[in-house]
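Read from first to last, the chains carry the letters A, B, C and D; within each, the first residue is number 1.
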Amino acid sequence: MKLPLKGIIPPIVTPLVSNTKLDTAGLKNLINHILNGGVHGIFALGTTGEATNLSYEIRKEFLDRVCEFTKGRVPVVAGITDTCFEGSLEIAEAAKNAGVDALVVSTPYYLPISQNEFIIYLEELVPLLPLPFMLYNMPSCTKMHMTINTVKKAKELGAIGIKDSSGNLPYLLALAEEFKSSPEFAVIAGSEIFIPETIIAGGHGAVAGGANLFPSVFVELYEASLVKDFERIDRLKKKLLLIEEKIYNVGAYSSKYIKTIKSALHAMGICNDYVAYPFRKFHDAKQQQIQQHLKEMEMPETVQAR
Amino acid sequence: MKLPLKGIIPPIVTPLVSNTKLDTAGLKNLINHILNGGVHGIFALGTTGEATNLSYEIRKEFLDRVCEFTKGRVPVVAGITDTCFEGSLEIAEAAKNAGVDALVVSTPYYLPISQNEFIIYLEELVPLLPLPFMLYNMPSCTKMHMTINTVKKAKELGAIGIKDSSGNLPYLLALAEEFKSSPEFAVIAGSEIFIPETIIAGGHGAVAGGANLFPSVFVELYEASLVKDFERIDRLKKKLLLIEEKIYNVGAYSSKYIKTIKSALHAMGICNDYVAYPFRKFHDAKQQQIQQHLKEMEMPETVQAR
Amino acid sequence: MKLPLKGIIPPIVTPLVSNTKLDTAGLKNLINHILNGGVHGIFALGTTGEATNLSYEIRKEFLDRVCEFTKGRVPVVAGITDTCFEGSLEIAEAAKNAGVDALVVSTPYYLPISQNEFIIYLEELVPLLPLPFMLYNMPSCTKMHMTINTVKKAKELGAIGIKDSSGNLPYLLALAEEFKSSPEFAVIAGSEIFIPETIIAGGHGAVAGGANLFPSVFVELYEASLVKDFERIDRLKKKLLLIEEKIYNVGAYSSKYIKTIKSALHAMGICNDYVAYPFRKFHDAKQQQIQQHLKEMEMPETVQAR
Amino acid sequence: MKLPLKGIIPPIVTPLVSNTKLDTAGLKNLINHILNGGVHGIFALGTTGEATNLSYEIRKEFLDRVCEFTKGRVPVVAGITDTCFEGSLEIAEAAKNAGVDALVVSTPYYLPISQNEFIIYLEELVPLLPLPFMLYNMPSCTKMHMTINTVKKAKELGAIGIKDSSGNLPYLLALAEEFKSSPEFAVIAGSEIFIPETIIAGGHGAVAGGANLFPSVFVELYEASLVKDFERIDRLKKKLLLIEEKIYNVGAYSSKYIKTIKSALHAMGICNDYVAYPFRKFHDAKQQQIQQHLKEMEMPETVQAR
């Protein structure tokens, strides 16, 4: 894998038929869908991928299938974070065997953990990892916001980048600034709406959930940001707001990103909309609302599909 | 098991030799230690028990050993909460096979979950549970605070009680009030400092981490609270503050309760002080501080041991 | 007066121009200020009211003015406790003549008195009282903490309620529990921070010193507690902590409540800040600190006033 | 009055017929009784004198009578402490008019007061006092223990001595040491059992409640202490322990000194045993016990009386 990791890297959903069975065909469709849209990488087993709600068996099988269907066309990174240390290592090994390119390490997330404890944890974990790793800052789920100092220490331990989903733009820009002199260290936005700011500040890409649905929109926004084409950026940001308004906001609570993306993918004929426990997929009314909104939105992927 | 669950129910630590090996002899000592102190039940695989940081294998073996060593002298309840639905069921089955009396169900804890989503989750989970269950409200770890309405709905689904670790005393008192007309539904304090308030308000007991160390102190506080002996309550609350000051506060961050309790148990010759990843046991200086404080504290369990 | 006494009953300060002269205009302002804030009663001549430091003449004149300005809009209760029996009766008679609704009886407070001696004292005093009376448990000033048994005996002698300022929450909750079957007997918190716990446990109100300053905040907390709106309770408790931090803690020692409340009332343009001997009002620096903090606190009463 | 004040100064009881009427004949007897016993001064309106439980009227009348009956044979000092500043001044003026030699100032005793606040209080009070004053340290009743620094500041403000009733012997000895270089400043023990220690350490006398009953015993102990006659001291201290055992301990609680002394004086035919509210005199059984014990004790005053 060429460093730094960059571009649009969708955190792919995990298509499921049931709580214990992958929707393999749906996954194949999904991967083709996003690669056709021009994405630069794939992030499997992230928050949108419902990783923590899946058994180790299904997570491992998923990584096998993702790599099988991606066929090396783009790098694949895989989340390994678990509250159980051995669980993380088990997924890491499976990721290596499946052909994953790098691991994504967030914070053990049940008991709140301090900056210092996290570094000590990395000191134990990293030597045992069979692949390079990047950080994943996700305080709304892990209750721990990695300070820049923590990120620097993690980099010394080998981190090849960070995906920041804190939603804190100044922090994200500070990361970009901090690591400018380390051109192989990737600063990746986890908030899709910050793509232009991240790229313009010297960051490298975005893990954009919406790219599951409309990969080309995100790729175009990334490219417009690289060349600082503010007019195009402006036009494309409006599309992102439309996704927020017409897709995500059909749902509620934190689970809405998973539910609405799966529901829209289902409406687009790409994969099943089953959502793993503890969450449930949309009932019909919401599903129909998503379907209706998709029609109204006039996004390249849906217009093209007609 | 006789309902309601009541009295002092220590959330026992999980004595470990390493990340993947139980300290079986230490566990036997610990169980005898707390039963000698008069506790009324045992809560295995809670937050203090590091459940989420342990593999399923070790969690299951632990439940076997806990029941083997307890020999039915008091009820044993076991935490089954996991972000993975099948994981929870796997522990629940193992708990039944081990001889556990009831299960403890908290909220899946990675992605924040809404009240309504939690109820829907329980509607899926509860019919599959092989044993009665009680709720565990632990917002600082799960990011979800069960409203009283949610607790009422869970009770309709079969919950036999709730352990509240929110640290919100008005809420805990409201629970006691709300369920007064349901004498079999246990309202259990998860904050050990609220034992008197809970009992006086009509609640039933406490899951008190400090009872790993000084079970008799907590049992006496429970008994003093039952008879509203305010002088004794006052004297015993001072002991609890001493535990806070001299034991817990030797540590820092959320993990301090695990680290300090294990360190003190080690100093008392009861079990190993190994702490599972991502956390680490105390270095020597802290360990010696704990040892010194134990000597100074003049608690029944340590004075007796000399 | 309708029983039980309930709601927010500020222990009003006694506005003074000098040690021997009331600030009558200030008192009128103060009463209008707290009634505008929605309080449910007034407690005159309590600890915050500096009763024991005032001559009988000024205490009697104060009761006349309080009733004159209150005009029966809410019940007025008045402290009569004195080390001298005849002194208590003199204030009690004056209270009746002024139009006070009930008397508040604490423990004669110089020589420590036993539970039994206090009951014998009440047996002598109560038949001579011209108005109903409630108890006032104030051990930090009287050195005597009324046991629940003592309160029960006092109730048999006619007590219509108790204000508990012991700061002992388990005791306060036990009072609420004990007298649940006596719906006309009021259990009133004297520690303003315990309002939610008191109300939720079935108690009736609070004598809240801070309600001199921010009556609406306390009234809202009382109302939120009645409906168990924990979110609002939480938000309002933060305001109470702010009052503690930004107002009370500008002072030191027990007299700080009197000094800071009077200083803040002065800064709010409500009444004079003179404090009766043996205490002295704040010097300029402290007074300015209070003024500055009031600006920063953004409380309804001060924001509104701008 | 010659300074320093010294010798045995009984804190005389206030003989009463009822709560509002002096037992004037009894007072006359009492004064003659103690002067016959050789005492060196009289302390009126102290704790044993029930000052705080008496109306101003009766306190003032009492001072008149005490001076009238003492006829200048020994100095008379009078307690003026009150929670109300004007009340203290009123008694102080009355004391001067009655012919009292010096005033005794303790701490305003309802709301706890700090060292610094007490000094500020003295700065206000002392310039208004018509007579010299001494301090009275009585923390069990006032909740404030005067530090030696506070006593030094009070001395700068004019204090002519201190009576210490803290029961803290090291403190009392430290006072004696501290003021050795101020020969006019009296260090007076308020705990009668410490007479020898006080005198030997350079202190000046004792306010001894038991000297109401057995003045000669205390005077002899004072004299034995002055000449360091340890054999006599030893014999006399046994008599003091006998008073403790046979008289004071017939009662209970803090009020026991007042009740038992009045009861014994009554049994000795000296004055009425009425005790002011909130306390009550002994019932017959206790009264008979006192009478019986007096017979058994073989004290000079009772043997002589037969």
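Quick note on the criterion: a residue touches a chain if its C-beta (ideal position, glycine included) is under 8 Å from a C-beta of that chain, and two chains touch if they have at least 3 such contacts.
Just so it is clear, the model here is predicted, and its values are computed rather than measured.
Undergrad: Hide chain C: connected chain groups?
TA: A, B | D
Undergrad: Compare the CA centroid of chain D with every other chain's and tell me the farthest one.
TA: It is A.
Undergrad: Could you please state the distance in Å, as a whole number, between where the Cα atoms of chain B are centred and where those of chain C are centred?
TA: Computed value for the inter-centroid distance: 40 Å.
Undergrad: For chain C versus chain D, what separation do you get between their C-alpha means, in angstrom?
TA: Going by mean C-alpha positions, chain C sits 36 Å from chain D.
Undergrad: How many angstrom lie between the centres of chain B and chain D, each centre taken as the mean Cα position?
TA: Centre separation, chain B to chain D: 58 Å.
Undergrad: Specify, in ascending order, the residues of chain B that touch 2 or more different other chains.
TA: Within chain B, no residue touches at least two other chains.
Undergrad: Have a look at which chains touch which and call the overall pattern line, ring, star, complete or other.
TA: Chain contacts: open path, no cycle.
Undergrad: Every pair of chains that touch: which are they?
TA: Pairs satisfying the touch definition: A-B, B-C, C-D.
Undergrad: Considering only the defined contacts, which chain B positions touch chain A in the complex?
TA: Touching chain A from chain B are residues 19-20, 47, 52-55, 83-87, 107-114, 117-118, 120-121, 124-125, 140-143, 252-255, 258, 276-280.
Undergrad: Per the contact definition, I'd like the list of chain B residues that touch chain C in the complex.
TA: 147-148, 168-171, 173-174, 177, 196-197, 200-202, 225, 228, 230, 233-234
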